[in-house]
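Following are the structures in question.
Common to both upcoming complexes is chain A, partnered first by chain B, then by chain C.
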Partner chain A sequence: MREEIVVRVGAKVLTPFIIMFALYVHFHGDYSPGGGFQAGVILAAAFALLALVYGLEAVQRVLPPWFAQMCAGLGVLIYAGVGVVTVLLGHNYLGYGALAHDPEHGQHYGIMAVELGVLVTVFGVMVTVFYLFAGRGTMKP
Partner chain B sequence: MIAEHLPILQVVLPLLAAPVCIFLRNPRAAGALAVLTSWSALGIALSLLREVMSTGVVSYAIGDWAPPIGIEYRVDIVNAWVLVIVATIGAVVTPYAITSVESEVDRKRIPLFYAAYLLCLTGLLGITITGDVFNVFVFLEISSLSAYALIAMGQRRRALTAAFRYLIMGSVGATFIVIGIGLLYVMTGTLNMADLAALLPEVWDSRTVKVAYGFLGVGMCLKLALFPLHLWLPNAYAFAPSAVTAFMASTATKVAVYMLLRLFLSIFGRHFSFEVMGLDLILLPLALVAIVSMSLVAIFQVDVKRLLAYSSVAQIGYMILGLSFASVTGLTATLLHLFNHALMKGALFMALGCVVYRIGSVHIDAMVGLGKRMPYTMAAFVVGGLSLVGVPLTVGFVSKWYLILGALEKGGLWMGVAAIVLVTSVMALVYVWRVVEVAYLRDFAGDERVREAPWSLLVPTWALVLANLYFGIDAVRISAVARGAAEALMIGIGS
Partner chain C sequence: MLGAAGLALLRIRNLFAVVMLAGIYSLLSAGLFTVMDAVDVAFTEAAVGAGISTVLFLAALALAGHHENKPGHTPLLPMLVVVITGAALVYGTMDMPGFGDPDNPVHHHVADHYLEESPHEIGIPNVVTAVLASYRGYDTMGETTVVFAAAVGVMLLLAGGVRSRGRAGRQAGEEGDG
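== the complex of A and B ==
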């Protein structure tokens, strides 16, 4: 596929839009179907597409395996960290009302923040799984 | 301020530490963090138990959403007790893991090992502490998925098939549980345990609730490895890294037993369970068959880890046997055996981990004459083994005492059950003796360089061994807590 000019250009053009769409699915998650999980999968799909067209090594230069692994852990930290922040602000764990003066806004911010954590983790795990399958036998986790 | 957040910290602390282990990337640092986390988890569990004993139920509303709308963490004496069991084992096994894992797991994977290990701890503590049935399922998945990964890290390639088999069986079990929870939700519109307990009596007659009961029962029996559903357990325990075996054998099945007690006694209530569904009549034969057949199978094992794994299935039979008595004494025996079995199996598997560390095998022929080469390790094994048999002055005796007491209380044909408990104790003596005979009565023939295991392994092992003796001699306080928990279970959380 590396010789197919249409595929190569197509993948390059599509990638930013896929990433944008992932962010849209994330930030529009509370009004329409979607959310962090779906957004993370779409974001990972962008890199999977690049890897299919340009080869695994090219993508791993941009997104090294260790970074993907970090992302998997970072998301959990973001999620659990939001809860810790609300506790420090004097509310119960994950009491998003603490995050803004208007509790309703707090709920919005809070859910966006934890969904961001979900996004990062899902993205990291998806990319790691893809790398492991695509690079079978060549890469040590 | 911290005190009111203890229920959530119990779960969130290991959850936060798990990803940090990945970031650290250094085996020693990750291990140190895991030790620190598991110790604080024990501290939290103990203070929760103390709080519950003095002031009663502790409730925590996650996200400021009052139960039953939001997720509630609800600590009463029953789960405070189980939290202490899980956290104690975690606090003892984690320092042990540092040395043990270094010799058994690929160095690059050790930080990931601790991440999975802490997630498993998170899951088990979460199942125990939550007052929301769907939350139970979520934590069940967290603990199970990390457990599959932990088992797959075993040295031999067969660890992979063992983990995969456990994955299949465990997923079937989890699916059954979530189907049961779903059906309950359909019938009542709530997931909160106390709320469910209050709403369920109205819909008891419906077939949906009975089907839900069946799904939950089968799902949880798979998880706790009750006799015909235990097939995943022996290989999973035999091929996992030593520290994982010690941890899982003393916590995972215990938490599953707790789940069974919580759902069937607290939520459905003893009336529905014992009088309508005949739970005792179903569990009694299964428990007896488990005890007798698995003790028999254990006698003929040549891999000592597998031997103890089969013995674990038999011991789970004792716990379920206590439940099938449908009495406070029987339940006290079950709850005591949760703790006691965790102590004895933890000690035994940790002793085996010491053996693996030095000679790389726990095949019975490889352990010939080890009693002289590794005196402290084998002494630990002997005390743990005696506890397993139920010799007086060990915790095993306390469990069996209450079991037999429960059987005698009921009289009649139950005398036979008491007899079976006694006979199977002798069977336990047979399989423990096989190892002792090989280790002590024969001359060492292996490598001359084999020495005693390092202190970093012996100290945690002996901590559990001494606990076996201490709680076997001074069982008053422990029994009081277990009896209080048993009474609370029989009353249910609704009323």
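== the complex of A and C ==
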């Protein structure tokens, strides 16, 4: 697909919007369908699209495999870390009410934080799996 | 349309067409979920089933070739097993309460509490997110860990072959779906 100019330009134009949409899905997850899991998948899809069009090496220069693998672990740590923070603040594990004076606001922050953990993990996992599949054989983009 | 796509999936031997049909099947199921008012599920199905899975299958196809060989055995025994299992499952649904019946037990355990109290306790309009991340926070953490574990498994299976190129293993592993 390297020579198809429509595909190349189209992918380039679409990518920022896909990433923006992923962030929208994440931060608007309180009010509309969506959340960390869907956002992570969409974010990973943006990089998969780039890899399909521009080739794996070009994308791995932007997003190296070690970074994606680190993300996969980091998300779980974020999620579990929120729980530890609430324990240190004197509430139950993952009792988000501890995170702000008003328990409702605390719930907001807590949900955002754990969904961020889900997003980071899902993004890292999807990109890692895609890299492994695509980078394994003779996949010519 | 779902049935037609499913049947075509079974009959076609060109794997490229099968992958595309699987994507269409996922998209149709996403539409079905939307009709049944499960928009969060539909969203996930569209993003994972129709999006990422298709790309992963294509990447696997680039490794495995485009044509599926004819099976060497007769399909009678698998058919028998499938029919018996399917009959058992259908028999199992006989005792289930009617679909959408407001008196179903599932609607009277904790669902009332979630629907009535979550605007005060959690303060966000999307009840699905409230249940997922707050009431069922431990479960979601477990799911995140499962997704992570799936990635570790795929890495062990696939990335190991990169170092020792001599014995190229078969591609394996499924995408982890929390």
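By definition in this document, the second predicted complex is superposed on the first by the 136 of 141 C-alpha atoms of A that agree within 3 Å, B and C clash if a C-alpha of one lies under 4 Å from a C-alpha of the other, contacts with A are read in each partner's own complex, and residues count from 1 in each chain.
Assume a residue touches a chain if its C-beta (ideal position, glycine included) is under 8 Å from a C-beta of that chain, and two chains touch if they have at least 3 such contacts.
These numbers were taken from a predicted model, which means no experiment stands behind them.
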{"item": "Contact breadth on chain A, by residue count: chain C or chain B", "value": "C"}
{"item": "Which superposed partner A:Val59 touches (first chain B, second chain C, both, neither)", "value": "neither"}
{"item": "First, second, both or neither for A:Gly81, with chain B first and chain C second", "value": "first"}
{"item": "Which of chain B and chain C A:Leu116 touches, first, second, both or neither", "value": "neither"}
{"item": "Which superposed partner A:Leu94 touches (first chain B, second chain C, both, neither)", "value": "both"}
{"item": "Chain B versus chain C as contact partner of A:Leu50, first or second or both or neither", "value": "neither"}
{"item": "First, second, both or neither for A:Met70, with chain B first and chain C second", "value": "first"}
{"item": "Footprint overlap on chain A, where chain B in one structure and chain C in the other make contact", "value": "69, 72-73, 76, 80, 83, 93-94, 96, 140"}
{"item": "Residues of chain A defined as touching chain B within the complex", "value": "69-70, 72-74, 76-77, 80-81, 83-84, 87, 91-97, 140-141"}
{"item": "Residue ranges of chain A in contact with chain C within the complex", "value": "25, 29-35, 37-38, 41-42, 44-45, 48, 52, 69, 72-73, 75-76, 79-80, 83, 93-94, 96, 103-105, 107-108, 110-111, 114-115, 117-118, 121-122, 124-126, 128-130, 132-140"}
{"item": "Residue ranges of chain B in contact with chain A within the complex", "value": "5, 8, 12, 15-16, 18-20, 22-23, 60-64, 108-109, 112, 115"}
{"item": "Residues of chain C defined as touching chain A within the complex", "value": "39-40, 42-44, 47-48, 51-52, 55-56, 59-60, 62-63, 120-126, 128-130, 132-134, 137-138, 140-141, 143-145, 147-148, 150-151, 154-155, 158-159, 161-162, 171, 173, 175-176, 178"}
